[in-house]
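Naming follows writing order (A, B, C and D), and every chain is counted from residue 1.
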Amino acid sequence: MGIRVGVIGLGNMGADHTRTLHRFVSGATVTRVADINAERAAEIAAEIPTASIAPDGQTLIEDPDVDAVVIASHDATHAPLTLACLEASKPVLCEKPLAPTLESAAEVVAHENGRGLISLGFMRRFDPGYVELKAGIENPLVVHTRSRGVRSGPGADSATSITGSAIHDFDTIAWLLDSPITEVSWHAGKQSSHVNGLNDPQLMLVRTEDGVLSTVETYLNARFGYDIRCEVVCETHVVRLAEPVRTVVDAARQQSTRYAPDWRPRFADAYRLQLQAWVDAVAAGEPSPLANAHDGLVASAVADAAVASMQSGGDFVHVETLRSM
Amino acid sequence: MGIRVGVIGLGNMGADHTRTLHRFVSGATVTRVADINAERAAEIAAEIPTASIAPDGQTLIEDPDVDAVVIASHDATHAPLTLACLEASKPVLCEKPLAPTLESAAEVVAHENGRGLISLGFMRRFDPGYVELKAGIENPLVVHTRSRGVRSGPGADSATSITGSAIHDFDTIAWLLDSPITEVSWHAGKQSSHVNGLNDPQLMLVRTEDGVLSTVETYLNARFGYDIRCEVVCETHVVRLAEPVRTVVDAARQQSTRYAPDWRPRFADAYRLQLQAWVDAVAAGEPSPLANAHDGLVASAVADAAVASMQSGGDFVHVETLRSM
Amino acid sequence: MGIRVGVIGLGNMGADHTRTLHRFVSGATVTRVADINAERAAEIAAEIPTASIAPDGQTLIEDPDVDAVVIASHDATHAPLTLACLEASKPVLCEKPLAPTLESAAEVVAHENGRGLISLGFMRRFDPGYVELKAGIENPLVVHTRSRGVRSGPGADSATSITGSAIHDFDTIAWLLDSPITEVSWHAGKQSSHVNGLNDPQLMLVRTEDGVLSTVETYLNARFGYDIRCEVVCETHVVRLAEPVRTVVDAARQQSTRYAPDWRPRFADAYRLQLQAWVDAVAAGEPSPLANAHDGLVASAVADAAVASMQSGGDFVHVETLRSM
Amino acid sequence: MGIRVGVIGLGNMGADHTRTLHRFVSGATVTRVADINAERAAEIAAEIPTASIAPDGQTLIEDPDVDAVVIASHDATHAPLTLACLEASKPVLCEKPLAPTLESAAEVVAHENGRGLISLGFMRRFDPGYVELKAGIENPLVVHTRSRGVRSGPGADSATSITGSAIHDFDTIAWLLDSPITEVSWHAGKQSSHVNGLNDPQLMLVRTEDGVLSTVETYLNARFGYDIRCEVVCETHVVRLAEPVRTVVDAARQQSTRYAPDWRPRFADAYRLQLQAWVDAVAAGEPSPLANAHDGLVASAVADAAVASMQSGGDFVHVETLRSM
């Protein structure tokens, strides 16, 4: 039955992971699921004949029928559950963020102690578009990213937009360029009248160690659809993501293609390939090819610097903790 | 004031020609306009300070203040008015068709007697897209044309769809390939439920003297928009028209571009460039670079063959009169 | 370990299936592989730790460690090996064609006797683009398919191009429209100078029972790339496949996207999803959602009619055996 | 003969203007041309039968056979020649910049004294793509512009790149938004290794009075082609320029469209329509619909602020002179 996986947290993301593991990942069996909502746990378990319900995350992690753990529960639980996985010496794929603060993230990294047990869910690294984009880069000079969504989640503010959404672009920029982000400057102009308590859109300038200057636009309430763009300006060419569309329609005076309503259909392939790569590495006892704890720590440090820039009124803020990590 | 042009027929097409000549064509002055509807003539003349109203087409043609004539009146008038222009030895740009029957078209050609006075309004030859398409052809093997419109005109039937619309594709195929059409086979399948008394869409196979086999789809009631496509399959490459769009919009879960509602905005540039080329040739006393009377005759012969194929149930019908013309 | 699959024939296609089953299909284990070339069998078996080599197809089929069989060996072996699977009452996924002649295909179907054991590898039915295309059809009137490849296989002639390549378009048209093809008419015009003994490109008109008239262009030596297009003209809209590209590049005065060199990268997702759906159905004991033996028989009958039309000089040829099947 | 136009400066741009006026603009006649290079003047005059050579700009301006003047000579001559036109009370279309410094530009504006004689060549305002883009804007929040060229001119430095190239984007942003630019911040990251003495690419943040924050990327040595992009993020939709292409080619494993080598083919239509609009306004005695002297002054002030930001190390610099102008 291959790798026996337990999934903690069965919200939209966790349920998707569970189904993907069950239906589309070779060499994995979901044996346990857990959710603080017992009804939800029962509902998902009913879909997955191989899976039974664990009473809580801690119990799931310690279960001898669980070889590896996926954490998709509330952000606040990520650090303690990841620590429990480390305690149990079990590989864990944790959705970002690894921890609520840089300090606690660093603490988790310290506990990992180089064992390579932690993988972070920066799934864009497995999106076939991003993979082809990275392969097409030569002598990069500028990266432009655009992340537009339909609607921000409840309680979103400018800071959580950065730590929850822009953080994906921070990770991809560093990953695409193979160079860590060293400083970031935050800006906002006119705001959407559809939102309150949130700068939306936000615009950031990001500098990486290789000197490349990048722009990051995050617009969570763009309404029209979920649209992720990334363009890399190189010395003598430009390469960008194509829109991942399957059909084109002529109707009502328009030629059109469709946008996904949210990130899950857009990145379904990326999630599947990320899970497959993770399961393969666990099965082979090889290092995980996913983003690791250090990547998560660095991305969080960039997000913190962006928030600090926002609070300072737009100055470039150094990613201070980078060297020490 | 350059070439003094008279325009006969001030319907949509003729009014467009008049305005284009007046506003956008260098070296031309519209001096006379005529329409059987006096009110319409007055309306258009009021827009064009240089133009006065001629009582009828014949008078306009004979007017000494008219150097060259555009005929955009009802199809039935094309042949007699063109003959009048020949009589007056004045260059004429006649909208297709040149004449209602091949016989009368041949008669007009005979009267022209090689003087090169007649130009036919196959404006696609001046569309910048088609011009670039033609330049990109090398060792052509197949041409595919698609002409889709919103709604057929009143009284349209299958035959008039061929002689009025598909005829443009017949002319462009021969022009693109520099090879006359030798036979044509007509087909229809399931028909739009929105139309009666008309095969719509229609599908034709067309063979040119060079052996190239082409497909022509004519769908006048496609509803969604006016969309003209043309693709040429060559030995080692394919070249096709791009959609002539200026902006792209993300809205309402779609990325979209717009279709024109009819042929006039789609081919506005082609009409302007055709008129400019015509006026330039008239001014220089040089041969017209537009489609000529013989081209019109040949296109009509192909249309007749297509109608004959339709009546025969889909056989390939030879464009019989070709050799004799 | 889920469904234990044996793969017969380890050429490019069979090797791809083996790897896809092993690496990307949930619930399947490749337990046996067989190839007439022992070296090749050893090479592939070395990649797949769960698989051992069977001396021949027949032995593989009878092996108690094989629950289901994939046949990707030479076309001539399809019918006898499929019959052996039927004999052993094991589900089989056979690459097309099911049999070299309609008669032998009908014989296979007769032996299956409604047990639903046979699935045919018309993988386009599982391509996400085709799936979305089918979902977007309403009141279809015309289908246009274009299948362009880089280079035809050794020994290809006009007939094998139809039975080996155009047959995919025959199956997709019938599947997209939910209506069987009733007649077909074959045409060829100017031919590529790069090939001998082969009409290339070929053009076919295809009529389905619902009255829809379709065009099929097959051009195996188009050189520029592997490009599959499909467009469905409906009453008030048109829907077509988008090009499956991931990145766009600006370089050397061009904006460009890439074509696959052959069908395997183009349809990698389709093959994976087809294998997954097949394994899922076998595991659940449910009817296969893949094309079945009857679909294969019908597609072959259409191909035969196309060849007959070719031999007759382009007449519409009825798919005669349709009713009796 | 309509408006009699004299053209001063017959370099690439001036020669293009001369030919466009002669061949494609209705109601204009080029009567005089002048260039400091007598050979060049003779060459262009030989193409234009209506034009004779004026010995110098000043003489051309004073010539009674010249109703209106186009200035396309060296930047250093713009201010004195424009002043001469004002002296002669003749309408003038001056290529940007109006003057080398803000002070001298302000002096020119003062001499114009509200007479509306000066038009500035910000031709993008007449590009059909930009016109459609502007019409599609509603509740704008962010503008992104990208101006990429093949190669910078001789002697280009970072400052002249701003005053000569980015200035077009400054004008279009203000024009698109109907709101003046109030501050600008300049940034550069990694530079192309193909250039010296020039920051290339450059990146600017621009804020308009309406609060909209925009990004301007200027990359003059992008090598791959001349590519102008502009995207406006609105509250619930995004609208952007489509690439102005006419054909699509499949060849050599790619589907591709072409880039122009420089700005002249890219903006040929814009130049033509700008000249036509200018001639029409002059003929009608109506206010020019082109950018006026004040627009030129404001764009130069923004360019100066950008240069000041560059010198300051990236601070936002207020467009100080705005209020006083």
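The criterion applied here is as follows: a residue touches a chain if its C-beta (ideal position, glycine included) is under 8 Å from a C-beta of that chain, and two chains touch if they have at least 3 such contacts.
For reference, the UniProt names are A, B, C, D = Myo-inositol 2-dehydrogenase/D-chiro-inositol 1-dehydrogenase.
Not measured: the values here are computed from a predicted model.
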Intersection of contact partners for chain A and chain B: C, D
Label of the chain whose CA centroid is most distant from the centroid of chain B: A
Higher-contact pair (C-beta pairs counted), C-D versus A-D: A-D
Centroid spacing, where centroids are CA-atom means, of chain A and chain C in whole angstrom: 37
Intercentroid distance (Cα basis), chain D paired with chain A, Å: 44
Euclidean distance of C-alpha centroids - chain C vs chain D, Å: 57
Residue list for chain D, restricted to those that touch at least two other chains: 148, 224, 227, 236-238, 245, 250-252, 257
Footprint of chain C on chain A - complex, ascending: 1, 22-26, 28, 128-129, 131-133, 136, 236-242, 244-252, 257, 276, 280
Residues on chain A engaged by chain D in the complex (per definition of touch): 139-142, 144, 148, 187-194, 201, 203, 205, 207, 210-215, 217, 219, 222-224, 227, 233, 235-238, 314, 316
Touch list for chain B against partner chain A, complex: 148, 222, 224-225, 227, 243, 245, 250-259, 261
